[in-house]
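Letters are used for the chains, namely A, B, C, D, E and F, taken in the order the chains are written, and counting of residues starts over at 1 for each.
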Amino acid sequence: MTFPLSPNVTSQTLVPHYIAAGNECELFEVAWTRKLPLLLKGPTGCGKTRFVSHMAARLGLPLSTVSCHDDLAAADLTGRYLLKGGDTVWIDGPLTRAVRNGGICYLDEIVEARKDVAVVLHPLTDDRRILPLERTGETLQAPPEFMLVVSYNPGYQSILKALKPSTKQRFIAIEFDFLPKDQEIAIVAAESGLEPRHVAPLVNLAHRLRAMKGHDLEEGVSTRLMVYCATLIGSGLNPQDAIAAAMIEPLTDDPDVRQALCEVAKAVYP
Amino acid sequence: MTFPLSPNVTSQTLVPHYIAAGNECELFEVAWTRKLPLLLKGPTGCGKTRFVSHMAARLGLPLSTVSCHDDLAAADLTGRYLLKGGDTVWIDGPLTRAVRNGGICYLDEIVEARKDVAVVLHPLTDDRRILPLERTGETLQAPPEFMLVVSYNPGYQSILKALKPSTKQRFIAIEFDFLPKDQEIAIVAAESGLEPRHVAPLVNLAHRLRAMKGHDLEEGVSTRLMVYCATLIGSGLNPQDAIAAAMIEPLTDDPDVRQALCEVAKAVYP
Amino acid sequence: MTFPLSPNVTSQTLVPHYIAAGNECELFEVAWTRKLPLLLKGPTGCGKTRFVSHMAARLGLPLSTVSCHDDLAAADLTGRYLLKGGDTVWIDGPLTRAVRNGGICYLDEIVEARKDVAVVLHPLTDDRRILPLERTGETLQAPPEFMLVVSYNPGYQSILKALKPSTKQRFIAIEFDFLPKDQEIAIVAAESGLEPRHVAPLVNLAHRLRAMKGHDLEEGVSTRLMVYCATLIGSGLNPQDAIAAAMIEPLTDDPDVRQALCEVAKAVYP
Amino acid sequence: MTFPLSPNVTSQTLVPHYIAAGNECELFEVAWTRKLPLLLKGPTGCGKTRFVSHMAARLGLPLSTVSCHDDLAAADLTGRYLLKGGDTVWIDGPLTRAVRNGGICYLDEIVEARKDVAVVLHPLTDDRRILPLERTGETLQAPPEFMLVVSYNPGYQSILKALKPSTKQRFIAIEFDFLPKDQEIAIVAAESGLEPRHVAPLVNLAHRLRAMKGHDLEEGVSTRLMVYCATLIGSGLNPQDAIAAAMIEPLTDDPDVRQALCEVAKAVYP
Amino acid sequence: MTFPLSPNVTSQTLVPHYIAAGNECELFEVAWTRKLPLLLKGPTGCGKTRFVSHMAARLGLPLSTVSCHDDLAAADLTGRYLLKGGDTVWIDGPLTRAVRNGGICYLDEIVEARKDVAVVLHPLTDDRRILPLERTGETLQAPPEFMLVVSYNPGYQSILKALKPSTKQRFIAIEFDFLPKDQEIAIVAAESGLEPRHVAPLVNLAHRLRAMKGHDLEEGVSTRLMVYCATLIGSGLNPQDAIAAAMIEPLTDDPDVRQALCEVAKAVYP
Amino acid sequence: MTFPLSPNVTSQTLVPHYIAAGNECELFEVAWTRKLPLLLKGPTGCGKTRFVSHMAARLGLPLSTVSCHDDLAAADLTGRYLLKGGDTVWIDGPLTRAVRNGGICYLDEIVEARKDVAVVLHPLTDDRRILPLERTGETLQAPPEFMLVVSYNPGYQSILKALKPSTKQRFIAIEFDFLPKDQEIAIVAAESGLEPRHVAPLVNLAHRLRAMKGHDLEEGVSTRLMVYCATLIGSGLNPQDAIAAAMIEPLTDDPDVRQALCEVAKAVYP
């Protein structure tokens, strides 16, 4: 009774580019082999989503990604009854589809979801590996090909929004951080088409901006914004304009902070 | 299965008048060419909406505008199931229609929307450029002709209502401000039909009122209100009455502030 | 597909009595001619609603009035899908009907409504003058015969309930206050049938009570309550009893304040 | 399209016993004759509901009473669409029925209701006397035989729950208080069947307990509880037990206060 | 149109064992005879529910019990429209069934219910004894065989959850407390099958624990827990283990308090 | 009318491995024999769920487990009406199924559920042992084969989320804690396949980490995480990496605390 329109639409056939910064690939593979659920921690735009895409493709597994948000409830993952010709018909959600068919189910920013979501994951993350569907009365046994991966950004957690210890203690966890300078230059150059020698000062600037996190900036600049910036420069835009549009305006609305960042930018990329 | 009543109703066929204040047109075009999502920041009534209309018409793209508000949820953008003859039928929302058909989707005052809206935009704003429709099980790939533009007014952001860094860092951003004096006189005169020499003191008055923002006034007077004021004067209304109705009463309810503004108005436009 | 039961039920055929206190009639006519939206500000019971009725009748326009409240949502103005014989049928709301058919749509106490209401008004109040109906996919162009009027009482605005500057700056605004003494005596006498010389002391009393606003009284006594009071006296009730029932009890529940007001009443109307 | 089951079920055919304490009957009659809406204020159990029943019967009017509560919304008064054989059918609420058919509609404890209720009453309480039904598109004109009466207990009003001045100023108001001693003895004796000489000490006790309101007791003892108490005594119960069960336990849960009240009771009714 | 499945399922045919501690049986009978609504107050597990069962059986009345909770709304008591074959059909709730058929309707822990529940009870608890069903338009007259009983635990009442005086003053009230020592020993022995001489030290322990209420314990130990404890001992469990499982662990989660209670237990039941 | 898809899916046929730490098996058996409801208290991952599975299998009883969460309402346990071919059909929830068919119903983390859930349990946990289904009008009598078990973690209880004394006092309770060192080594070795001599230092480390609970750590490390850690080591991962991924990252996001825990880990498992 799986929903007919999209059996494999989210599976990936090419292996996305990814350079490991540590032992994360090895840990992912052991977790996959030993059927352990995995938790990825790290700041915005440091490559968690790409890492999951990379591993899914490398292991030849279908990947189903769910971006969690304030209103995401357990039923959005497990499924719902809908009206069809006067009857109520059960439609599997993405988690249920992944449990039925195997593959990786990746819940991005899990702390954003409503709290009932975490509880749905509990019986899937202990040795039972089951998904009870209370509304249909079914209890699904996850096949060996099923793996659960979740992520969150520790910097965002508030008292109201934090994973409970009873949930966290069901996962092995990997912490992510931004890439080392050389790797980041290589990636930004590859993705934007800008020469590495022009990318290098942008990465230097990013490191200076990331050091301001927690003081004037809520979050450091992501690798993605640097790719945007290099893309704008590669399209012929004035570098200071490109830096303002891609690396300063998205970080702050405060006129004084913006002015200060522009000064830093001029010093680093004159 | 697109909704049949309104295929192109929001597309624009004439190029609305717009005078660039900086490099915003160039930045928009690069963003369009390189498929980068765009964020417009700036105060009320400074011309963000008109800028988007202008660029859409200039590039020959259909434009779909959504004014965000407190109750705007992801489903209002992506679509819903409705009952038709006893069956539930899926109806695309404006974002889904834009992704299916191409063109610019412009979300005005994005910070007002419910938080799940921002998350729906995430997979559309990274290199995947996909729109997963969890309720139908589809995952749409945005065509090259699709572009996402969002705007907000930094002056309104509160703790409860602010774009998360993980969302902001998915856009290149342009900051807007009010027009330089000469340009503003030209525009107000063109739109109201009042002669520029009678418009000039109104613009002088507006500059004085904008300087009071953050002190006695929550927001400076918009170009739109100046067009209203010039229109009233052009219709024969006493200038002081027109200024009160169009440039003072809409800005404040405080009797003392109103009195002070009237004094300023008399000094500037005796 | 307009709802069939009530095409013109709220239109007015007689011109309600209204005496202008300033230039409000002239401003209304210019706003109507130049298609500018209008905002009326002023205290409870000072005649805003009657002014709109008067102008609508004078200009020969149908008038549709909506009293806003905490639960009034955008869909209450624009329309909803309802079930009819198993199908969902779209039913226009009062704002949509006014946009389709022309005439004045008057939203009374707009600050009371839910915030999405204000946003629905935005595209109707700039030069586009359109009403997008996201649920049906239609975008309606307001005809020249359509005018939007809204009102609110500045004395009630709290932090939670206030028009955003981005909404206020879309209207020209008129401030209302209570009538001058002579006009108020004339109106109360006309409406209640009590002789002006018996009404005069009531108006004097009202002025004394209005001066207490913000101190012991939340709001000054309205012209309406004075009509009630004069009506009771005209029906033979003891004047002190009539004043207590119509001009004191509705204003306060505090025994001390009530006692003080009764003393004032006895002094003014012995 | 009135609901068929209950055309007149709440009308009253016998005139309930009522002894006027002041000019309230005269005021009610004038309000009825002059079509003015009426507001009754006073503490729990002082006879407001009975007064309305009495006046309705005396004037030969059908009476429809609605006890307001936290979840009472405008639609509970005006009506709703219900599903009937696949169609949505409009069902009038009690206020709409009263406006269509005439008679008194009495909203008890109006401050308890949701705020949209007050706004529904506004057009019924000015000179228009209309009830707009936005959902059906109808606007009903109240017939001369319609009268609106509302009540509330000023002692309960909190900041969150208070009638807005713009609502209060639409009513003439009567304040109620407990009856004078002799009248209360007569009523309690009549209703309970206990001889007046045995009722008198209970009324004395009640007066002492009412004086404690605001100190140890949230509310003074009502006439109703005295009728209960006299009934229990008349049924043979020990007077001290009857007083405890009917006049002390319902007033307080605090052991110390209860002990003190029992002492007072023993002193008054030894 | 009563719901067909359960005409009498909650009626009781055997008289449950109950030993009166005071005049509560007499008061109940007078209330029944004189048609007065009854309010039972007292701590958890002191026998209020059993008292009602006992009186219902003794008077030969059907008993319908509703355990109130945070989400219990008026409609859960009065009834709802449900869909049946495309039509909406009205289904009586338990209160409506009791009013139609007669018998005792017992609302346990009434303060837990939503506030609209209390208001539904108002017209049933004054001399009208009616139940208006706004949704169907019916007004039911309670037959002489109908009696309303409600209960609550005064120890739980918070500011948010308390019976309003206007509700409390509609009931005669009985306060319950734990049984005297001898009666409690007899009951625990009878229900558990443990000999009274082994029960006596448990009752002594309970009295010591009840004295700690408000200090280290939120609530004193109930008679029910003592029956559990005696049952465990009668089944061969070590008495200290039984006391820990039935009389200490259910009362506290604090390690220090638990330790202290175990010391007390060892002293009392060595 | 039981839901057809899943009659016994959650029953267990193999007896899961469990080593008793105290008298919990004996207490469970007595509770089962004497029909007493059982409450399990203890920290995350200490084996409560496995204990219930073990006892259910040992006693040959079907087991139905419900993980409670913030949105779990009474209807999720008792059942709901669903639309089937235009009619509403009642579908039993898991609690109702267990009451109809017998067996253990286990509500995990009961304090997380909405408060109406606790009240549904009340009539099942006194001598009546009934489950009233207000929506269908049925009252089910639990068969002797039915047992109710609930659990919670006392460390999580907040003021908003705590079992009321009136609920707690309906259960006998067992407190769980982590296993003694030797038992824990045996279990971790058995489940992970790692030799006990390599497991022993992990258990030592866990004891040191558990001692930090309430200071730097919100919760001590669970046995489950130690099994994960030993599994990673057994798969060839560097022990320090395994400890970081399985015993440190899941416990804390604080860089300083993480650093300190790594130091401890190096000291214990060099």
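FYI, contacts are C-beta pairs under 8 Å (C-beta built on N, C-alpha and C of every residue); 3 or more make two chains touch, one makes a residue touch a chain.
Predicted, not measured: the structure shown is a model, and the values here were computed from it.
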| item | value |
| --- | --- |
| Contacts common to chain B and chain E (chain labels) | none |
| Where chain B and chain D overlap in contact partners, by chain label | C |
| Interface sides of chain D and chain E: same vs different residues, half threshold | different |
| CA centroid of chain B to CA centroid of chain C, Å | 30 |
| Inter-centroid spacing, chain C versus chain A (mean Cα positions, whole Å) | 52 |
| Interface hub residues of chain B, defined as touching at least two other chains | 83, 86 |
| For the chain C and chain D complex, residues of the former touching the latter | 3-6, 9-10, 44-45, 49, 65-72, 76, 82-86, 93-94, 97, 108-109, 112, 153, 156, 191, 218-219, 221-222, 224-225, 228, 231-232, 235-238, 241, 245-246, 249-251, 253 |
| Touching residues on chain A, where the partner in the complex is chain F | 23, 26-27, 30, 33-34, 36, 39, 41, 73-74, 81, 83, 86-88, 114-116, 118-120, 122-123, 126-127, 132, 134, 136-139, 154, 157, 164-166, 168-175 |
